[in-house]
Amino acid sequence: MANFGGHAIPGSFFFLFGVWLTVKHILHHYWRVHQPKRRQGTPPFLKKMHYFEGGLQIFAAFVGIMVEQFVPDGPHARLVSGGSWVKLMNWQHCTMYLYFGIAGFALVASTAIKLVPVGVDRLTLSMALFVEGFLFYYHVAMRPHLDAHIHTLLLVAVFGGAACSMLEVFIRHNIVLELLGAGLFILQGTWFYQIGFVLYPLSGPQWELEQHDNIMFVTMCFCWHLVIHIVFSIVCTVRFSANGRDIEIGMRNTSSASSSQKSLLQESEED
Amino acid sequence: MANFGGHAIPGSFFFLFGVWLTVKHILHHYWRVHQPKRRQGTPPFLKKMHYFEGGLQIFAAFVGIMVEQFVPDGPHARLVSGGSWVKLMNWQHCTMYLYFGIAGFALVASTAIKLVPVGVDRLTLSMALFVEGFLFYYHVAMRPHLDAHIHTLLLVAVFGGAACSMLEVFIRHNIVLELLGAGLFILQGTWFYQIGFVLYPLSGPQWELEQHDNIMFVTMCFCWHLVIHIVFSIVCTVRFSANGRDIEIGMRNTSSASSSQKSLLQESEED
Amino acid sequence: MANFGGHAIPGSFFFLFGVWLTVKHILHHYWRVHQPKRRQGTPPFLKKMHYFEGGLQIFAAFVGIMVEQFVPDGPHARLVSGGSWVKLMNWQHCTMYLYFGIAGFALVASTAIKLVPVGVDRLTLSMALFVEGFLFYYHVAMRPHLDAHIHTLLLVAVFGGAACSMLEVFIRHNIVLELLGAGLFILQGTWFYQIGFVLYPLSGPQWELEQHDNIMFVTMCFCWHLVIHIVFSIVCTVRFSANGRDIEIGMRNTSSASSSQKSLLQESEED
Amino acid sequence: MANFGGHAIPGSFFFLFGVWLTVKHILHHYWRVHQPKRRQGTPPFLKKMHYFEGGLQIFAAFVGIMVEQFVPDGPHARLVSGGSWVKLMNWQHCTMYLYFGIAGFALVASTAIKLVPVGVDRLTLSMALFVEGFLFYYHVAMRPHLDAHIHTLLLVAVFGGAACSMLEVFIRHNIVLELLGAGLFILQGTWFYQIGFVLYPLSGPQWELEQHDNIMFVTMCFCWHLVIHIVFSIVCTVRFSANGRDIEIGMRNTSSASSSQKSLLQESEED
C-alpha cells in the first residue's frame, strides 16, 4: 500500500460504494414515500440491488484476499516462517476484506431468506468498519506528525461509519441516518485519494511532514471533502424526489439491478 | 481574530442565534400543546421564522466568507502562493461559515419542499457545529495553559450542541432537548465574549496565563454562564406558556416573521 | 472540606437523597403497575413527595451557599480582593449548591404547573451532576496518586448519575433506569464517606498515598459500595411489590409527604 | 491466575456461557416469530432455561468465591493482616464472582416473580461485566507492552458486552443486539485462551513482549476470534430458523432445561 496506487484502489472502491448506497437509499426512501398505504415489504428493484451489492462485495473480498496472498512478494498463505511473522500487513488487509465479504454474505442472506433477523446486514457492515478502524488505529502509531494526523482523520470517517451502521440496526429506514452513513463511505473514499496525494505526490515536491501549516490545511481539507458529499446528496435527493413514481415504473421494465440502475440515472438526466 | 472584537462578533452571532432558537422552540412547543387534536403540520408563523432564520444564515455566511477573503490582509481567494499556504486561518473561518450557510440552505429547503426528508436541517446544523469544533480542536493545541483551557471549555459547548442537534434528528419536537441545544448556542456566544475579556482585556492588567487560580475561576465561570441560559429559558417558558393561545392569534395578524416576532415579544411584556 | 466532616456532610446528603429517590421511584412504579387502566397522571402522594423533595433541595442549597460564604474564613460574597481571587474553593461549592437548588426549583415548578415541559426536572438534575463532576474533574489534577484515584472513582458515580438523569428525560418511567440513577446517588454518598475515612482517618495511621496495594483495595472497595445499593434496592423492591395496593390506601390517609413516607415504611416493617 | 490454567478456566466459562446465550436467544427469537399472534409471555422452555442459567451462575459464583478464599495460599476470609492487605488479587476475583452471582439471582427472581421490574436481569449482568472490566482496567497498567495490549483488547470485549447488556434493558427482544452480546461473551472466552497461549506458552519459546510484529499479529488475531463467533451465530441461526416450530414441540416433551437443550441440539444435528 505504500504508494499512490495502493491508496487509490481502496479509495475508488469506498467512493463508488458510498455513491451506490446514496442512490439506493434515496430510491428506497422515495419508493416508501410514494406508496399509498406505506407498504412494508422490500420492493423487487431493491432486492435486485441488494443481491448485486452483496454479490459484488463477496466477489471483491475474495479477489482482494487472493491478490494480497499471492502477489509475488505476498505471504502465499503462510503466517509463520522461521520463527517470525510473514507479511503481517498483507494478512491485516486480508482480514479487512474478509469482514466486508461477510457483510456482503449477510446482505444476500437477509434479502433471500425471510427468517434471517432484520438488521443482521447492518451489524456485519458495522463490524467490518469497526475492524477496519481497529486495525488502522494500532497501525498509525509512531509515524511522522502529518502522516499520523491524516490517518487519524480517516479514522473519524471509519468509526463514524461504524456508529451509523450500528444505529441503523435499531433505527430502521431513517433516510437521514442512511445518507450520513453513505456519505461517510464517500468521505472515506475521497480521503484515501487525499492521503495518496499527500504522502506520495504524483508530481511536485514532497510534503513537509512536520510543518504545522500542512496539518492545518489537511484538517480543513477534510471538512471540504465532507461538503462534496453533502452537495452530491442534495443533488440526488432533489432529482429523485421529483420523479419517485417513475422510478418504480422504470424498475419494473428492467431485468438486472445494474442495468436498471443505469437506465434510472439516464432517465433522471433526460428530465 | 486575535483581538477582543474578533471574539465579540462571533459571540454576538451565536448568542442571538441561541436566543432566537429558544424563543422559536418555545413558541412551537406551546402552539403544539394548545392544538385541540395535536395537529402535526408546521404552523404558518413557524414557516416564516424558518425562512427568516435560514435566509439570514445564508446571507451571514456569504458576507462572512467575502469579508474573510477580501479584507486587505486576507487571502483574496488564493490558497497557495509561492509554495506555501496563504492565510490558512481565514480559510478555516470560511469553511466554518460555509457549513452554517449549508445549514441555512437545508432549513429553507426542508421548509419549502415537502419531499425533503425530515431532519435534514438538524443534521446539517449538527455538521456545522461538528466542523467548527473539529477545526477548533486542532487549533488550540500548544498554547499557554489558560488559553488552551478556556478554548477547551468552548469545545464542550460546541460538541455538546452538535450532539444535541444530531439527537434532534431522531427525537423530534422534544422541547427539553431543543432548549438544551439552544442553550448551548447561548453559552457558546457568551463564552466567546468571556474568552475575549480574558485573553484581550479591554482595561486593567493582562491575566496570568499559567496561574492555577485563574484556571479554577474560569472553570467555575463557565458554569455560571450556563446558569444565565437556564434563567433565560425559565423566564421565556413561564411567559409564553401563559399566553400560548394568544401567540397564534397574534401570529395570524402579522405579515413578516421578524415583525410578528417583535409584536409577540411586546405582547408578552405588556402582560 | 479538607477534613473528615467536610466529606461526611455531603456524603450524608447524597446517601439520604439516593435512599429517598429509590423509595419514591419504587412506590411510583408499583402504583403504576396496580392501576387498572394504567392511569397516566401523577398520584397525589407523589406530588407531595415532589414538593417536599424540591423544597428541601432549595432550602439545603440556600443554607449551603450561606454557610460557604459567611463562615469565619469564607469569602463573605467578595470574589476579587487586592488583584487575586478570594477563596475560590468556597465559590466552587456555592456554584454546585446553586445548581442543585435550581434542580429543586425545576421539580417544584414542573409538579405545580401543568404547562412546564415534561422532563425539565431531570434535565436540571443532570446539569447539577454534570457541573459537580465538571468542577471536580479540574480539581483533582496534580494530587498524590491515591488521592487522585479515589476522587476519579467518585467521578464515575457523578458522571454516571448525570448520564442516567439525562436518559430519563427521554425514557420516562423506566424503573430500572430510575433505580440505577438513585443507586449512583447512594454510591456517591457512601463513597464520600470512604474518601473521608481514607484521607482523614479518624484513628490509626495515615494511608500510604503512593502504595499500589492501597489503590487496588480502593478500586475493589468501590465495587463493594455498589453491592450495598443493589441489596438495598432488592429489599425495597421485594417489600413494596407485595403491598403495592396498600401503599395508595395508606397514602390517602396521610397529610404530609414526609409523614406518609414514614408510615409507609412502618407498614412495610409490620408486615 | 499467572499461568495457563488460570486463563483457561474463566475462558471456558465465558465461552460456554456465550454459546448458551446464543442458543437461548435464537430459540426465543424463532419461538416469537412462529407465534400466530406474537404472544408476549415467556414460553415454559425459556423459563426452565432461565432457572438453569441463573442457578448455575449462583452456584459457580459461590464455588468460585470459596475456592479463591480457601485455597492453601488464599486469604482465608482475612482482608487485613499485620497492617497490610492480604491477597488482594483473590479478593478482586471474589468481587467479580459476587457480581455474576447477583446477576444469576436477578435472573431467577425476575423469572419467578412477576412483579420484579422487567430488565433487572440485564442491568445486573451489565454491572457484572462493568465491574469485571473496571477491576481489569486498573490491573493492567504498568506491564510490558504486549501484555498490556492483549489485556486491553480483552477490555474491548468486556466493556462492549456491558454496553450491549445495558442497551438490552431498553431495547427488548432485539435478536441482533442479543446475538452481539452473546458473541462478545464467546469472544471474551476465546480471548482468555489466547492470552494464556501468548503469555504462558504450553510449548515452544516465550513471546517477545516488546516486539512490534507480535502486537500487530495479536491485534489481527482478535479480529479473527470475532469471525469465529459470527460463523457460529450464522450456523445456529440457519439451523434453528428452519425448524422453529419443532423446537416448541420438542420442548414440551422434555422435563429439564438441560436435557431439552441437548435433545434439541441432537434434533438439529439429525436434520
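Lettered A, B, C and D in written order, each chain numbered from 1.
Rule of thumb we're sticking to: a contact is a pair of C-beta atoms (placed from the backbone, for glycine too) under 8 Å apart; a residue touches a chain by one contact, two chains touch by 3 or more.
Small disclaimer: the values here were computed from a predicted structure and weren't measured.
**Q** Determine the set of chains touching chain C that also touch chain D.
**A** Expected: no chain.
**Q** Using mean Cα positions as chain centres, tell me which chain lies farthest from chain B.
**A** Following the centroid criterion, the farthest chain would be D.
**Q** Residue numbers at the chain B-chain C interface: does the shared fraction exceed half, giving same, or fall under half, giving different?
**A** Answer different: the two copies use largely distinct residue numbers here.
**Q** From the C-alpha centre of chain B to that of chain D, how far is it in Å?
**A** Centre separation, chain B to chain D: 46 Å.
**Q** Taking the mean of the CA coordinates per chain, how far is chain A from chain D in Å?
**A** Distance between chain centres, rounded to whole Å: 33 Å.
**Q** Would you pick out the residues of chain D that each touch at least 2 other chains?
**A** Answer for chain D, listing residues that touch two or more other chains: there are none.
**Q** Among all the chains shown, which pairs meet the touch rule set out at the top?
**A** A-B, A-D, B-C, C-D
**Q** Along chain A, where are the residues that touch chain B in the complex?
**A** Residues in contact with chain B: 29-30, 33, 171, 174-177, 179-180, 205, 213-217, 219-220, 222-224, 226-227, 230, 234, 237, 241-242, 244.
**Q** Show which residues of chain A lie in contact with chain D when the two form their complex.
**A** Residue positions touching the partner: 83-85, 88, 91-92, 95, 98-99, 102, 109, 113, 115-120, 123-124, 127, 131, 134-135, 138-139, 169-170.
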